[in-house]
Amino acid sequence: MSELDGLLADLRVFVAARDWQQFHDPKNLAMLIASEAGELAAEYRWVRGDDADAVSREPAARARIAAEIADVGLGLLLLADRIGLDLGVAMKEKLARNAERYPADVSRGKAERP
Amino acid sequence: MSELDGLLADLRVFVAARDWQQFHDPKNLAMLIASEAGELAAEYRWVRGDDADAVSREPAARARIAAEIADVGLGLLLLADRIGLDLGVAMKEKLARNAERYPADVSRGKAERP
Amino acid sequence: MSELDGLLADLRVFVAARDWQQFHDPKNLAMLIASEAGELAAEYRWVRGDDADAVSREPAARARIAAEIADVGLGLLLLADRIGLDLGVAMKEKLARNAERYPADVSRGKAERP
Amino acid sequence: MSELDGLLADLRVFVAARDWQQFHDPKNLAMLIASEAGELAAEYRWVRGDDADAVSREPAARARIAAEIADVGLGLLLLADRIGLDLGVAMKEKLARNAERYPADVSRGKAERP
């Protein structure tokens, strides 16, 4: 079983034990992800870009940042599962499309998504 | 190699080929994640919660939603990698903490995080 | 003096008294707005759309929601001021453009932005 | 009539002419605000903090940024109106509470909210 599949299995047990599926329609989960992403952004809003690596290593900030990253990730797993999407496959496919959309020779050194 | 490790290896190659590491300080990546999460939210903002599952199955909407989910996920992988965090481990640990924070018997059927 | 101008004058005094201008470059303020918008979204993430009006009238939720709305608004005022934009004028102009972009007869009853 | 009241009157006419009230429950509007805030964040995600003022003056970027700021503001007006809140008053009250919460002498020069 892959790492994400194992996590998803644990996550399903966690949710079912709390009878939380009822709250997890795709709209609510998209809103969860947006709010968790907002909390992650809050960690860096007053940090200078040049200081952001160092701040990310401070134990207290790091613990909060790791928790926010994980919250966003768990929200993604929940949403992908709800709509019958394999998160790992979706990421792999999107990366392949990005590689076509941003040819290396054209995009080198230019700020672009993702 | 785990699924996430494989994805991360591909993602590193993608970024390095475009010389985009220079843009990927943790602050910028947190902002990327917030903006991608906003795009995901945009897909559902006018959709009724009761219709959100059906909308998520419509091919055109589904393709956009899958792409947004993947964009958020790729942003998380980039940020975790930048700060030396194993995304899968962080999610596993956070789920374990959530299980303690929201005991099943107390939390059953009550809307709560994660 | 208009209402927004009065608020802005008070806000400038508040910021200057704390020497916070140094943190208020446009990037940081855009990140502030995204994180406050995430906190606002958090208030409604588990609320059914049909219940959202009633929840917004419950005193405790209402106080939190009003505070989050205000935080986003103060962030907008700070950012507009920083980049020399009149927020009220910008909103008026955008509404005029939206009226052209979404002709009433074509858009009636169809979910669209904004 | 105050500036925000005038804007709100125009906004109500705009929405009613398109029969869009049906989409504007508080949950949907909170999601709108989060998605528009995400678009605003996208404008600055690859911009260095030190360059953010200059970027905000470039005509093309400025027009997009002004439009995103306005979109967030219009969303706030819609949500405040829907839940019977005076946006200007809410901002004024929140600023007063922030002034108490962050005493000038204690907070001077320290990165803090709002």
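So that you can tell them apart, the chains are marked A, B, C and D in the order they are listed, and the count of residues begins at 1 in each.
One rule holds for everything that comes next: a contact is a pair of C-beta atoms (placed from the backbone, for glycine too) under 8 Å apart; a residue touches a chain by one contact, two chains touch by 3 or more.
Note that the structure is predicted; figures quoted are calculated from it, not measured.
Looking for a copy of the B-C interface in C-D, A-C or A-D, one arrives at A-D, which has over half of the same contact pairs by residue number. Annotation: A-B is the more contact-rich of the chain pairs B-D and A-B, by number of C-beta pairs in contact.
Rounded to whole angstrom, the centroid-to-centroid distance between chain B and chain D, based on C-alpha atoms, equals 25 Å.
Each chain gets a centre from the mean of its Cα atoms; for chain A and chain B, those two points are 2 Å apart. With touch defined as above, residues shared between interfaces to two or more other chains in chain B number as follows: 23, 27-28, 30-32, 34-38, 41, 44, 46-49, 111-112. By the touch rule above, chain C contacts chain D in their complex via residues 2-4, 7, 10-11, 14, 17-20, 22-23, 25-28, 30-34, 36-38, 40-41, 43-44, 47-50, 52-53, 55-57, 62, 65-67, 69-77, 79-80, 82-83, 85, 87-88, 90-95, 97-99, 102, 104, 107-114.
Contact residues of chain D toward chain B in the complex are 23, 28, 31-32, 34-39, 41-42, 44-46. For chain C in complex with chain B, the touching residues are 27, 30-31, 34-35, 38, 41, 46-49, 111-112.
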